[in-house]
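Below you'll find the structures, each written out as structure tokens.
Consider the two complexes below, in which chain A is the common component and chain B and chain C are the respective partners.
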Partner chain A sequence: MTATTRPTPTASRAAWARKHLFRTPRDSVITVITAAVLFVIVWRTIRFVFFTGRWEIVRVNLGLYLYGRYPTDDLWRLVVTLVVISATAGLIAGIIAKRTRIAAQAAGTPLPGTSIVGRIVELAFRLWPVVVLVALLLLLSETITPTLVTLATVAAAIAGRLVGALLPKRATFLAFVLPGVLPVVLLPFLTAAQGWDDWGGFMLTIFLAAVSMLACFPLGLVLALARRSTLPAVRVIGVGVIEFFRGVPLVVLVLMSSVALGFFLPQSILPGKVVRVIVAFTIFTAAYVAEIVRGGLQSVPRGQTEAAQALGMSPFRVTGWIVLPQALRNVIPALVGQFISLFKDTTLVFVIGFLDVLSVADAVTKQSQFDLANFAEATAFASLLFWVGSYTLSRESQRLEQRLGVGTR
Partner chain B sequence: MTSATTTADQRPPLWRDVRFLRVVLQVAAVAVVVAFGLWLWGNLQDNAETTNIPLGFDYLDQPADLTIPGSDFNQSQPVSDAIIVGLGNTVRVAGAGVVLATILGTLIGIARLSTNWLLSNLARAYVEVFRNIPLLIIVVFSYSAIFLRFPRLEDARTYGGVFLPSVRGTGTVWITTDDRGGAIAVVVLVAVVAAWAAARWRRGVQDRTGSPAHGFWFGIAAFLLAAVAGLAALGFPLGYSTPELDGRRIVGGITMLPEYAALLFALVVYTASHIAEIVRGSIQAVPKGQNEAATALALSSGQRMRLIVLPQAMRIAVPAIGNQYLNLTKNSSLAVAISFFELTKVTQVSIANRAPAVPSYVLLLAIYLTLSLILSSVVNVANRRLALVER
Partner chain C sequence: MSDTPGTDAVFADATQVAGTGGVMIELDGVDKFFDDFQALKDINLKVGKQEVVVVIGPSGSGKSTMIRCINRLEKHDNGRIVVDGTELSDDIRNIQAIRRETGMVFQSFNLFPHLSVLENITIAPRQVRNMPRAEAEAQAQELLTRVKIPEQANKYPGQLSGGQQQRVAIARALAMKPKVMLFDEPTSALDPEMIGEVLDTMQSLAEEGMTMICVTHEMGFARNVADRVLFMADGEVVEVGTAEHFFTDPQEERTKLFLSQIL
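Now for the complex of A and B:
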């Protein structure tokens, strides 16, 4: 972090510039050169975005980018899903906020109250890339419907947040139950119109990333515990699996999932292509998650285990109640980092012909009214989708890291 | 005697005996893994039989029936040769990528910590942009939107006589030697040894006398002296050639295929953003007191960085940067998306040309595992040599 980025109220702008831009002659030269580079970059970017870029390619194919070839008659299913997810997220945020407030009051340090509007504005500033992206999508869309959908989603989130804060304390279990129940209800609802083997666009990307992440966490946990086990045979198996999958490129696993995995399974139970590639993502990411969790396990002082054993706890309870909770808290930021990697790595399904965001960007340049000269516009939009997602996630993870006080306790 | 029998009597029942349970658990774990492996192997043989695709490695001797741009590989050569050419291409792109990404990443990491507000924020913007975009998009973008948009050969022209970009390949200036390449390599090696010896000698002088002995410059001087003397003895066999257009080909210099250049560019740009963050974090992890003590000893800012901060930061950075090297090597397999013929692409194409899928991928995995093991053992050695020797 740079020490100061903003002029203090007492110092004038000139004094600030002297200190941060022209402190020494060498500094001045650096500033001038950097400013020149920056000017060229900014100027070329502006020229591309506002003048030379031909954004019809994105405008015409916006739906393809976002939800692939999902049947037009069933788009309302996506809208319902979006609103439900957003309301649930709001509800959980409300429940957590209430619990935090109660805990703070009990500790004698009540949180300062801010108005609802103030908090919404603060959130919008914090999530500025998302806000910018949504605004951009609305600008690119041609009808009023997307605007209404956005408003409904935001309204659902706010309503969920307010309701969540009103719920009694014994409703806290909802925060754990709902994320589990939601996929079970929503997936059949979405696949009723189109099976996930035919999904595409950003919807497919999110689906692949979310399912792989959910599946790789338990597997990674088991692998990490196996690697730390005192039983030599179990440890060898753990080390072998982890090091094998960390040593090979993910692309090769993805290619294998489409071409070679079928040879290792009976043809009767061979799953569809999306499930197969999810298996590849899951195993690969689980190996990395295992290493992260192992780091967390190592960070828990031995005294914790010994104290638990002295209290007569069984090995399973020592691990489950004492070691794991502390270990996992320490590695949440690293796990989020791994999730971001996975989110970006879902683009690899491009090489096996899925219709994900990158494939859409590639495919639209082959439409008759566009050509390879439009490639920059098509991929720039795809990158923007990913950039907004992973930048926001990484910023939120940093915030979480600060709130959890990792490394300061 | 009596005490022994009491102990034996006090042994817990079998299902609560830790020693027994440990054995049972391990046997069970191994049994599950072996059973799973056997199940997969059985399926594999059943499927191989029904589809009539062989599982052996005989295909390696069959003609590969593929062309590899940028090499003199011909279609009648066997698959094994194609894989070796692919391995060479993987090593070429990964080696160049590692060097360039380290240089760019270190520069950006240091720029990120500059007191100059503009420079540090430009570096930060670079890191935040490229760290958060999927590498595959950068690869595809740099290929289709940059290197494929270079001028056609008919319209190509050289820049400053040293740089010739075209859609068929980018030529740059390169060193030429006569047929005594081996002797030149020996001369260079001797010069490097001389430089190392000179630097070591001056280092000893500095340690004894305490006055600055300029080991770095002595090393450079020794290198130049030895190299010039050796080359003079050979009659200056070194030259350089510049890329030139000869009708529909680029002759002279060295020509990079657009696929190679695009992959290298993307790998460097992406990995540098990760290395920059590691460099920044490691420099910040060096205790502030070190810098302050160096300032108190009147070292200049350059000396502080070079002599005090960077050596200690290196120790922290090496394992993480080694990981990035591993990632870069594995990520070179993204070449499948733009048809640069490294290992993965060669394997993919040979499977399309009727090589059996399972043995091909098993071989590919084995090669990547070997590469990873070699790289990580090199990193481990470096790490051990740099590690702080504690009491």
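Now for the complex of A and C:
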């Protein structure tokens, strides 16, 4: 800062306070009251978290929170799954990073190189809620095993990333194939220990949310396109499905999936409870996704379609290459909002007897050594798990938005 | 461009083609309705190969509707439209076949904002003509050089000026190697200082022998480039002639009124 610029920060800060907080007597009163309320809230939160809160209930039941009643002898299956998923994610990130780098080079604007350590630090800052949560979990756990598992997972991700960046260009298809192959391989592996109808904890929450999100997107897309179709029959089916499932409360669908489906389908072909409830979440969310996507499709100017048509592109290609990419980019915020909503709505499975995170928080207060006085701690921890998930989703979607929006408008 | 008719040449009707190269586009008794409103009334027009036709007229006169019927962005209700010997029908294959041969440039550019300039130009040849990527990109670079912005290939449309965007739009249409180019008020959305660069591009295209129909109010362009000028009003072709004819000796009252307003 040069000598000619503004006065010292302290002076300006005092001046700022006078101007914005204490300009009139009424301003001063409002400022003081607000400050007092804020102070009480912050102080009570700190006192609860660090002093009065009895976090024993969480520490003792950490396993229950995270993976429900998964058999202890088979926990290694979870570890293997975690490491494999992590390595795959790293691999895909590596492949994508390499392609981005090559593309940037071709465009004449090569990306600056960063060291591996720099990248890891950057990623840790980006995903800080996850990092903080994992650190907290490790602090709460009593053995060394969780730390080793965490290290193995991180190492797998780094290894995957490095290998992915080394793969030749024709390995790019792996980035599309692996996410499809992985569930097919991992699900039988995980369910070998115990049927998945007895899954619980955060594992169940993430599983329900992830599968429903992946499945509801293509279904919602198809419904949205069906609703805009020029074929009357297709349009009627699209409108019917969308309006029916948007009009029914989700909790009714969840209950129906568990109870009522049994009246219509014979037991022999009735899929498991988890599958049924995933179908309920998927169709319900797909109806909302369809309306979001339809809004996006309408936001693309008519001239875009006309320009593509005038070039002789087929209706299919006009939609796939010109209209949809723009429509989807426009609706990322709404879409992610819907996904976050879905993530939290998975707690509704408690009505059909699943032991998800929220049910765990309720159940542990009924253990003999704890009581309802511990309810605040038990639910606060469950809330933290959900917040970390939702906030990360939200942040990553903003990042995606920015990346896709580069240089376009 | 064909041999330019003399300054005093007056065409009896719009089906009299300038030059001798044969007919590229033929409109025969074309009507077009928007609900109860008749936008085109019995349009008869022939455009010869390598001919440049400029269409002028007040807004709402059906100029844009007419050229949008030629590549079926609007469906005509009566009459026949024939492009390079193929009659436009309701069959989507037939429509796409005609669209492939017919480039169009819009008033509002309509570039694809999510694709780079290079991708804007290569997408149609690659998707519609199955051209290999390398070949399509080489061709795109050539076209960009032709419209004098080779250095913008990797930018996005939003990063270009209006004049540059419209030149990319021309390059995008040319990438399909069309036999006809349709221009729908290509300079109307541009700032005055950018109009020249787009008209220059269009003029050199005409000089290379492209068949063109241009809806525009640029009378200077009409005078320099057009073989024939068509004046339309209320969905009808009112008067046909050379640009000189319109400047010096317009016949119809409606033509005189319109010209007095724009000149």
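The criterion applied here is as follows: the second predicted complex is superposed on the first by the 335 of 409 C-alpha atoms of A that agree within 3 Å, B and C clash if a C-alpha of one lies under 4 Å from a C-alpha of the other, contacts with A are read in each partner's own complex, and residues count from 1 in each chain.
Criterion: a residue touches a chain if its C-beta (ideal position, glycine included) is under 8 Å from a C-beta of that chain, and two chains touch if they have at least 3 such contacts.
Owing to the predicted nature of the structure, the values given are computational and were not obtained by experimental measurement.
Legend: residue contacts after superposition of the two complexes on their common chain; A:D362 is shown touching chain B, with no touch to chain C. Taking chain A as the reference chain, the count of touched residues is higher for B when chain B and chain C are set side by side. When the two complexes are overlaid on their common chain A, residue A:G195 makes contact with neither chain B nor chain C.
By the touch criterion stated above, A:P218 is placed in contact with neither chain B nor chain C.
Contacts of A:P71 after superposition: neither chain B nor chain C is touched. In the superposed model, A:Q326 makes contact with chain C only, not with chain B. Look at A:L311: by the touch rule set out above, it reaches chain C but stays clear of chain B.
Residues 22, 25-27, 29-30, 33, 40, 43-44, 46-48, 50, 53, 114-122, 128-129, 131-137, 140-141, 144-145, 148-149, 330-331, 333-334, 336-337, 344, 348, 351, 357-358, 361, 364-365, 368-369, 372-373 of chain B touch chain A in their complex. The touching residues of chain A, counted against chain C in their complex, run 107-109, 301, 303-304, 306-315, 317, 321-322, 325-326, 329, 404, 406-409. Of all residues in chain A, only 2, 5, 20-21, 23, 27, 30-31, 34-35, 37-38, 226, 230-234, 237, 244, 246-252, 255-256, 259-260, 262-267, 340, 344-345, 347-348, 350-351, 358, 361-362, 365, 372-373, 375-376, 379-380, 382-383, 386-387, 390-391, 394 touch chain B in the complex they form.
Chain contact summary for the complex, chain C toward chain A: residues 71, 73, 92, 96-97, 99-100, 102-104, 106, 108, 110-114, 116, 123-124, 127-128, 154-159, 169, 172-173, 176.
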